[in-house]
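Two complexes, one shared chain (chain A), two partners (chain B, chain C).
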Partner chain A sequence: MHGVRQRSTEGGRRGSRLAKLLKYAAVGKVTIRNHLAYVTDFFIRSIFLIIILYIFIQLWNTTFRGEGTELIAGYSFEQIIWYLIFAESFVIACPSLSTKIEEEVKSGDIGYKLARPVSYLWFHYAGYMSEVFIRMPINLAVGGMLGILVLGPPGFGWGWPGFLLVSVGAFTINFLLNMMLALCAFWVEETRGLEFVYHKFLFTVGGMLMPLELFPQVLQKVCAWLPFQAIVYFAARTAVSFDAEAMWRMLGTQAFWIAGLGAALMFIYRKGVSKLHVNGG
Partner chain B sequence: MAAIEISGLSKTFLVKNKKPGLRGSIQSLFKPQFTRKVAVRSIDFQVDQGETVAFLGPNGAGKSTTIKMLTGILHPSEGRAEVLGFCPWKDRKHLAYHIGAVFGQKSQLWYHLPPTDTFELMSRIYELKRGEYMARRNELVRRFGLEPYMNTPVRKLSLGERMRCEIAASLLHRPRILFLDEPTIGLDVVVKQQIRQLIREMNREEGMTVFLTSHDPGDIEQLCNRAIVINHGQMILDDTVANMKREYLTYKTIELKLAEEAKDVSLHGVKVLAQHECTLRLSVNTSLTTIEKTLSDMLRRFRIRDVTIEDPPMEEIIARIYAKSAVHKQSGVLTGK
Partner chain C sequence: MSTAVNVWRFVWTCWKLNLAGAMEFRLSFLLTAGMMFVNNTVWIFFWGIFFHRFPVINGWEVRDVMMMWAVSAGGVGLMNVLFGHANRLATLIATGQLDAYLVQPKPVLLHVLVSRMSVAAIGDCLFSLVLFIIFGDLTPDGMAKFVSALVIATLIFLFFTLIVHSLAFYIGNAEGLSFQFYNGLLAFSTYPTDIFHGWGRVMLFTVIPAGFISYLPIGLLREIQLSYLLAAIGAALALTAGGCCFFYRGLRRYSSGSMMAMRM
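For the complex of A and B:
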């Protein structure tokens, strides 16, 4: 019996860190390939993106004309619009973890994932990040075309690499928060209501509707203590108003939230997996 | 050496009671009521390396719950288990390298992608060396006859083709134990035969332990040398398949459509179960006579339009086993060991 436990690298297995990395890279690759079957979904989301951005452009145009100023809370009209393009592109790029995990629990397919030598959380993280890094450039390209048409080509300079760097942490925090909600399916099976509430938080105090500088001071102080600002607001603001010092502070804040939320997620997962009722017989 | 060893394994679920109607649903929100459902009740058994075991029982008996605990998917309420020296729910990821699982009504293949993509993913998940994976993959593709559709999206495959791919995918990493949860459900006779033959060969050539749940007597008779029967979460039989067949599968049902109404059907070892105009349903006791003799006697006396031969349903076999176990109540599990 002990012989089986010790021979963990027999049977032609690598058993190395590289092998573990390749494992999750392969998950990402297959997720992307599987996702390309949903081309119609891409188109529908892109059309929605154009419509919503057009509406925002009209709203902010009216707002700036009404205020009669060049800047509102330090943002020009062009910066606000590009901020919204980045913010909307970011949010629309995120797949619904609650739907995925709810379906897995209800159908019993989760059984297959748990019977494999793969971390359930890392499996979903690899799939999630692969999807967003395909969808995000497409969304930005579509939204960017509208932006260029209305405002002309942007000049973000270091904003582009800064956005990319901050996006990694932003998507990770979004994954962690969504996963914590999605894992409630282990107890209650239905989680889309929780996801809906989360999206509303992201829309408001997360900076998706507008940059947080436009909020009242009191609310800005509250937002500074919440993880939502580290998602959409950090990424979009870095793109349109790049500041190296601010970016490093943002990355530090993201690291803090990733560590804390990661630990909380592990705890929830361990509790949930022991209570799980895998459907189907 | 024991591949599987379980002792006092139990699983209890809390099931919410929902009263009918809108009022019931609202009441259930504020004052939920739960029932304790015992799915598995303190079962003990041991399976040696290389054995082929049929784990049987009617719907809701606790078969799938037991398999899920043995694969680490579910945590038990009580008891202990060791699978290849690992505690399944504590060492799930380590154990997973050494076991394979196929759940008949679920799929591990990626729906929009061809099976080759899932196989490739499995090779990475199980951390297989490239050369060994390619050799193993080619061998399984050849043996399971998968060449024609390795590059066809899974959504376009028939059920039989898909199940062959599912089983092949679960064998890529040379598991020591293969858990099969109703693997032949919904498949036609030909595909069932192919799958059974392939699993038998894997067991013979690689010494792989097979732990199977099924309602199909053919799966049991052709694949397994031992049967464990569970009902209402409790083990009620643990015996060789040969003994079980001898004692319990002692009759078959024949349905005959005759050209004319039959009068006075009286044959040794044959009982008339039902008769309606030209349709006759007979129970043949195979320990007293044979199907061939019964049919030839009937052919001599009547003109037969159609014949259907059926094994007794598993529920009926279990009912007979349970009835017998009630007689032997004091001696506990019926065992031929």
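For the complex of A and C:
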């Protein structure tokens, strides 16, 4: 009898977990449907991506010719350009969480969001991941077209699934860091400035503008201790220069940061919610 | 003569009031201008690392690139600080917000342009100044050259932006298009001209005249290359004249939005 009750409790727990998963999957599905309505808009916005990539192609072309070598810091010309295509597509795909949370706090919408029978953080995470995985393939398609036109089709092989796998961890870390800054809206009115500065870290020490191997040694060592490298650099490097062993190491580093930053985010969220006062309704 | 003095007094008053308005919210003012400064610093970081690894790129050294940034950031900064509405003109036209300017006894184009100041762009101007102090030639001759470069860059930025935004008179909603052209000019003017070859280079001196701006550190600041300098001045003047004509021609096609508005 006791065994039966235990089994039924376990079954209930599993059922409730599945129900939760389905709930967040539904949030993701709705976000995807919302963003699919604006695919043309995304393509138009990607024009700037083409301009930037064209400029970088010219810059690196001139650099490689000037150096007269096949490889720079272990990257060929093709690899550097594809690295930039992946990195730019990745960063441009990330929506501004600060804008969303700030609006929710200012409008008082947060009152309704917190009262819903879904976790506030998981709700935003599901929406965020769905959005980036709609936007990134579009950016990649636009940037990739230029890459194929200039360099021919790439032969990354396992780099593609590797990129996809590392991207999940990379977007998750980006979400955690971005959300920590966005939640500052519980204390201060404007958080977009913080997000702006965070993006600049991603551009520089995060390796969006160039692979970290090109940095001076001292700076490379500093970057290795920061979470920013686990975002853009890991994903883009895995795509253009796949190495299974290195990828597993990267996934391990990502897991470490996800655990640490996840705990920090929960702490900030609990502190913030206890401080929040929603007036009106 | 007295008309010119009156116009100058009017423009000066607009700039003073714009600045006073921006300074009303001191913290916001400092944060916004500071953020633009930080934004530009990212590119200095990028070029610093780049030139640490590759000291010379097609004859360009780190100092030239820094001065290119000083000229470009200064030019676009001055445009957005002194003529802040240039970058919003397409919206004003499309939404019928020019009515308020048309009924006032002031030159319409000048009035529209000077009636807004971008606070963020003050960060660009400060950034330009800091770069000039660090990397520029601080002799009177060097300063005169830098000011001339800023004037040329500002004119090209301003009147190119005016032309692409004035497209709204002809095609209606031109916000997206003008945004892309403006960003294109800005992006191309912050990379060394000599990395571009073939059609790309031709484009930089025709469709998107960013080449005239980005080459200023070499063709004017490092040493005066007369043919280039005359071409850059010619391009700036042609854009100024062309921009004004294009705007006033377009203005004839403007139809009022019958919008009630008050300017304070």
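The rule we apply is simple: the second predicted complex is superposed on the first by the 255 of 281 C-alpha atoms of A that agree within 3 Å, B and C clash if a C-alpha of one lies under 4 Å from a C-alpha of the other, contacts with A are read in each partner's own complex, and residues count from 1 in each chain.
Basically, a contact is a pair of C-beta atoms (placed from the backbone, for glycine too) under 8 Å apart; a residue touches a chain by one contact, two chains touch by 3 or more.
As the structure is a prediction and not an experimental result, all values here were calculated from the model.
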Would you sort A:S274 into first (chain B), second (chain C), both or neither based on which partner it touches?
first
Now for A:T204: first (chain B), second (chain C), both, or neither, which partner does it touch?
second
Touch test for A:V30: chain B only (first), chain C only (second), both, or neither?
first
So in the superposed three-chain picture, is A:P117 touching just chain B, just chain C, both, or none of them (first/second/both/neither)?
first
Determine, under the contact definition given at the top, whether A:Y54 touches first (chain B), second (chain C), both, or neither.
second
Counting residues of chain A touched by each of chain B and chain C, the higher count belongs to B
Which holds for A:L214: it touches chain B only (first), chain C only (second), both, or neither?
second
Would you sort A:G66 into first (chain B), second (chain C), both or neither based on which partner it touches?
second
The answer for chain B against chain A in the complex is residues 1-2, 13, 59-60, 63-65, 68, 71-75, 82, 84-86, 89, 92-94, 96-99, 101, 103, 105-108, 110-113, 117-118, 120-121, 124-129, 131-133, 136, 173-174, 176
Complex interface listing, chain A residues touching chain C
44, 47-48, 51-52, 54-55, 58-59, 61-63, 66-67, 190, 193, 196-197, 200, 203-204, 209-210, 214-216, 219
Applying the document's contact rule, which stretches of chain A touch chain B when the two form their complex?
1-2, 4-5, 8, 11-16, 19-20, 22-23, 25-27, 30, 33-34, 37, 107-112, 114-119, 273-278, 280-281
Looking at the complex, which residues from chain C come into contact with chain A?
28, 31, 35, 38-39, 41-42, 45-46, 49-50, 52-54, 56-58, 176, 180, 183-184, 187-188, 191-192, 194-197, 200
